[in-house]
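The block underneath contains the structure these notes are about, expressed in structure tokens.
Lettered A, B, C, D, E and F in written order, each chain numbered from 1.
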Amino acid sequence: MSTAAPFARPSARLPEQMREVRIQRGFTCHAEGSVLVSFGQTQVLCTASVENRVPGFLRGKGEGWVTAEYGMLPRATHTRGDREAARGKQGGRTLEIQRLIGRSLRACVDRGALGERTITLDCDVLQADGGTRTAAITGAYVALVDAVNWLRGRNEIKRDPIHGAVAAVSVGIYRGVPVLDLDYAEDSDCDTDMNIVMNDGGGFIELQGTAEGHAFRRDELNALLALGEKGIGELFAAQRDALALA
Amino acid sequence: MSTAAPFARPSARLPEQMREVRIQRGFTCHAEGSVLVSFGQTQVLCTASVENRVPGFLRGKGEGWVTAEYGMLPRATHTRGDREAARGKQGGRTLEIQRLIGRSLRACVDRGALGERTITLDCDVLQADGGTRTAAITGAYVALVDAVNWLRGRNEIKRDPIHGAVAAVSVGIYRGVPVLDLDYAEDSDCDTDMNIVMNDGGGFIELQGTAEGHAFRRDELNALLALGEKGIGELFAAQRDALALA
Amino acid sequence: MSTAAPFARPSARLPEQMREVRIQRGFTCHAEGSVLVSFGQTQVLCTASVENRVPGFLRGKGEGWVTAEYGMLPRATHTRGDREAARGKQGGRTLEIQRLIGRSLRACVDRGALGERTITLDCDVLQADGGTRTAAITGAYVALVDAVNWLRGRNEIKRDPIHGAVAAVSVGIYRGVPVLDLDYAEDSDCDTDMNIVMNDGGGFIELQGTAEGHAFRRDELNALLALGEKGIGELFAAQRDALALA
Amino acid sequence: MSTAAPFARPSARLPEQMREVRIQRGFTCHAEGSVLVSFGQTQVLCTASVENRVPGFLRGKGEGWVTAEYGMLPRATHTRGDREAARGKQGGRTLEIQRLIGRSLRACVDRGALGERTITLDCDVLQADGGTRTAAITGAYVALVDAVNWLRGRNEIKRDPIHGAVAAVSVGIYRGVPVLDLDYAEDSDCDTDMNIVMNDGGGFIELQGTAEGHAFRRDELNALLALGEKGIGELFAAQRDALALA
Amino acid sequence: MSTAAPFARPSARLPEQMREVRIQRGFTCHAEGSVLVSFGQTQVLCTASVENRVPGFLRGKGEGWVTAEYGMLPRATHTRGDREAARGKQGGRTLEIQRLIGRSLRACVDRGALGERTITLDCDVLQADGGTRTAAITGAYVALVDAVNWLRGRNEIKRDPIHGAVAAVSVGIYRGVPVLDLDYAEDSDCDTDMNIVMNDGGGFIELQGTAEGHAFRRDELNALLALGEKGIGELFAAQRDALALA
Amino acid sequence: MSTAAPFARPSARLPEQMREVRIQRGFTCHAEGSVLVSFGQTQVLCTASVENRVPGFLRGKGEGWVTAEYGMLPRATHTRGDREAARGKQGGRTLEIQRLIGRSLRACVDRGALGERTITLDCDVLQADGGTRTAAITGAYVALVDAVNWLRGRNEIKRDPIHGAVAAVSVGIYRGVPVLDLDYAEDSDCDTDMNIVMNDGGGFIELQGTAEGHAFRRDELNALLALGEKGIGELFAAQRDALALA
């Protein structure tokens, strides 16, 4: 970055600045948890559905299950994408993301305390501008808490099965500079991006870094991790604020 | 209906009373038209996407195409339904509805004036409480107008390809009484229901009546059609009001 | 219709004239009911198969089920169509038609009297010339009666589960004139067509009208319904004649 | 076979006796060739459809293609089978049979003389009682000849692309005795069965023998081949008689 | 074959000469039987997997099942073929071959003695040079014996369910001369080819002959069968040698 | 780890000890590159296939493409898994892995220098014991080099499109101790595992860490990365040794 051409993010944000984060609970009325999460222009509807059944491999074990499904409305994006239901299969990217969301949320759930129930987190992207998977994880956590509280309000479970909080953010190296919370303009033009999922005890749950162009080095990795920790700290605060509302 | 047990709709509406209708333009940012339409608790996101291609059977004919796809988020409903993308196919109900939406909207489009373009109307149900297909048609019309205006604003088309307006409503016989705009509680417990699609010239575009229990007679049909005409008149007003906003 | 160019149907039929209807029972030997129904050149083989099982949602409720599947042989039509089994899925039109046939026939069946049995009506079009779905409903009714009589002959059911008769016909506005029982030449060139399913008590079971071009008005609708009632009356007579044979 | 329990086929036929064979041309009206072939109770509708295109691997080579598709109506059999279109794929048996039919018919076609056209032979079993694939081959040959004559009548091809005739029959060892043209009762209870496809020059086109129980020996094979040659001779006569009609 | 242009196989083998056959047991470590079989350059990995379940149609009958699946690695062949898992379905050739392998192996198994178990024979072609199905059958037999011996070593079955041996070879008429064990160069350029499956009692289990060009006559068939018997005799010896090793 | 129960890996390896690595070139004969790579008991066949075509999105851009497909033979594992071709779709894990392999290898390829060609890396697991994706990447690199050298030997490309080497290894925290190159026994019982892909310039290409139980901390991450760098260094040596052979 020379003085002649100072570094600038397309959104004019500072490198360590997140987009505005909004977490709106009760967005739809039927689900036990329903959250619209926004990271700037990215908007994901996360619902948590409770069902009194578990997958076959857990039947009779007294444990519950938490799983996720992910989808993107065809015109959530700049140009219309195929509807996966019409194509007849979910793409590799979709499967990869929904597996990530499920693993991330299971990391904060005591499945024994949940009992033989499944909570399905449906994360559907209404509007995409980069970071849909990290927004989905962050919002799905709030929907999950609401669904668990719904169960507790009905005295269906005794102990709280949720330990700690989970949130996620993306980081990347954009034009040589480590930046936090990439939007689409950055994501489609960066050298390296990484999705970081953490719990509020400071531990890493998932770390997925990809070098599209320039392979990254240890010092770059460290800078990215530091940015991620900062951003996730803000997301934990946003989750707490949202959950503090009646 | 005896005097002892007076007729009442679950929603306490009058038989000829529609639910509150809201039509919110510009709901998402990427699509050429994007409308959130609500008939009471039923909420459908309708986007219109313009693409410079036509299906194979129209190539080289100088005509455009208008088509629709329909989906329901898994937890739009009281209990979670399968995600069609995960099941690997769209169900018969979905295909039937999207074919209906497409035919209905094509009825008000001069495809020659549109030129070799496809406008795809994606109607995705965020929250379902009966009448999703009629809300979808009513909202998709507004999204279609916005997309056409977007094309006209760019001088890509000369003549307005849209003639008249299209809207739709359901009617049915609930506990022996013809009622307008059925919600889920009525829809799942009525003898007969009918979806009516009309243009603003007073013509019928589609009429789909089904007797789940009691077969309906000509006088009942006439009562249902009268209710439908009344409701659709209100929908045309709501469409006009929405489109009058800048 | 000016005097200079008098209206004429491609088949030279009068507007209110049906094609020749034939209903041949016992067309194949294995099914409990097997009917070849012809509306002119349109030929549909309708078989009724009895099985001692019900779908999951009815298990243990003491009720039976009636359902339908529809198919068209690849060369039933003027030009060869894809074989749906080879393409790997049934098209939207097929699903729509088989759902219609199933609903129509269930409207005359007391499912409690049927007991925990499924009767599947397979309607396969051997030759198509318009009106395949209405011929299918009309023929499937006769196959259904034969299958029920087979059950009664074996004393497997006590009460007759069939109340009344069901038949269907198409009507449409061809070159401005309401006509009965459209053949392919009319169907592919008409402004409006409607499929009408009625019971022999004069009630409507299904009404599906579509305006391909010109939206239809109440008086046109009334004329179409009158034609439909006339045609369906003739179909009930043809069903009775066929069933009167030993 | 002891003298006390003399051998008898379920149908009371002699071991070397075929079922009654009927070949009815012009069974349906749209296809260029349309034949209903019956081997006793087995009835297969064979249509030949001409299209002016060839598969990708033949494009531009000046050669034509002959291919086949096979299907069985769900209730062609004693108990109802799944509809392959509904299951979403053709079974292995179906694919195996349609590949056999296609290869068999290509053996009598000069594809250069056919020119860049595809003739598709759709063989749909209306009623099954054993031997559906051999009936299909025998009937499809007649439909193919009719389609070729239709092309020649329009002067679209100059030379006759068909050389010789093709027919097929099944043979098997039923209760220790070699028999000709197995019906379902024999087929489901025999030790060995073989499908034989021959041309009218006495050459074998396909030979598919399977020992379900007892492996067969050279002398048994020879007896089976002799029976097959006899039966196929009768089938060539039936084909010639059918084609001799105007 | 004139003296001027003496007949020569591409591989310079004599007409009655097989390729080198190798049968390597214990090729992979997890399966109950695991055999790499080579017929020259053709290499097929055959594993036998024992599972304590049977298909639905055998449940509760005290009988076992033997079945096969066949696959070809995408680059087992000269040019890369589609991966069937990626295409979303197994092709007709694949299904045909795996049905053949399953039937062939069941012919030497007493399913009552096997008990309610399934042995699945997975035959995956690592390298293809003609004759993959016959190599697969020959190798799968050895894997099957190993799996049965594994069961017997654990005293899970009392009687040996295997009676006799099964092997397979291809024969064909290449440039007018009957030859044994066709490689790819011959297979893709021959008039007739036949796959022969026999047991070691000299009986035929399967015989599948196809005339791609020239229909074959009885004397040619006899010559092919004689070659096949010779080759299969050598394969039985190779199987015995392989099984004799500790 | 108390002194009473000293830490031991199931394989008795030291924490920083890799399994024996073997890289065997020319394993099959048709592919332009064909490598059998073993990490201990894990065996993956990696073939590189060159085709003179590129995917649609690259047509006419003068650039090549490198992609990967991954599969596992049904009995590569301890218990038999479904064959994905038979199930009709590739699972999420498969798609995730093949996307990872493709991205990793593209990171060392100059696609302009490759020209309009596609190199497909098929990675098929013959035997699985943990680490199949890292073995696949390591072996696929060698197959890729062989395929590129084949192109260069034919003078089809001028510049070497490969810059640097790529290899991958897994690391994890097993019973509290960071260990290198997890086998199945460790992988199925560890708290955290991470797949690391690096180039031989010391840069990270992919980093995918997952905490199945205990979320990992920065110091643990650092220990894992150090182990990974050590292991990958050994893999680069093994690749160089293999490629040094004629």
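Just so we're on the same page, a residue touches a chain if its C-beta (ideal position, glycine included) is under 8 Å from a C-beta of that chain, and two chains touch if they have at least 3 such contacts.
Listed by chain with UniProt protein names: A, B, C, D, E, F = Ribonuclease PH.
Only a predicted model underlies this, so the values are computations on that prediction, with no experimental measurement involved.
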Third chains touching both subunit F and subunit A: none
Count of contact steps on the shortest path from subunit A to subunit E: 2
Pair from D-E, E-F or C-D with over half of its contact pairs in common with A-F: D-E
Homomeric contact subunit D-subunit E: same or different residue positions, threshold half: same
Separation of mean Cα positions, subunit C and subunit B [Å, integer]: 28
Whole-Å gap between the CA centroids of subunit C and subunit E: 51
Rounded Å distance, subunit A centre to subunit B centre (Cα mean): 33
Subunit C and subunit F: spacing of chain centres that average the CA atoms, whole Å: 59
Overlap residues in subunit A, where contacts from two or more other chains coincide: 88-89
For the subunit A and subunit F complex, residues of the former touching the latter: 89, 91-93, 95-96, 98-99, 103, 107, 194, 198-199, 201-212, 214-218, 221, 225
Subunit E residues touching subunit F - in the complex, by the definition given at the top: 28-31, 34, 41, 43, 45, 47, 49, 51, 69, 71, 73-80, 83-90, 94, 120, 122, 124, 126-128
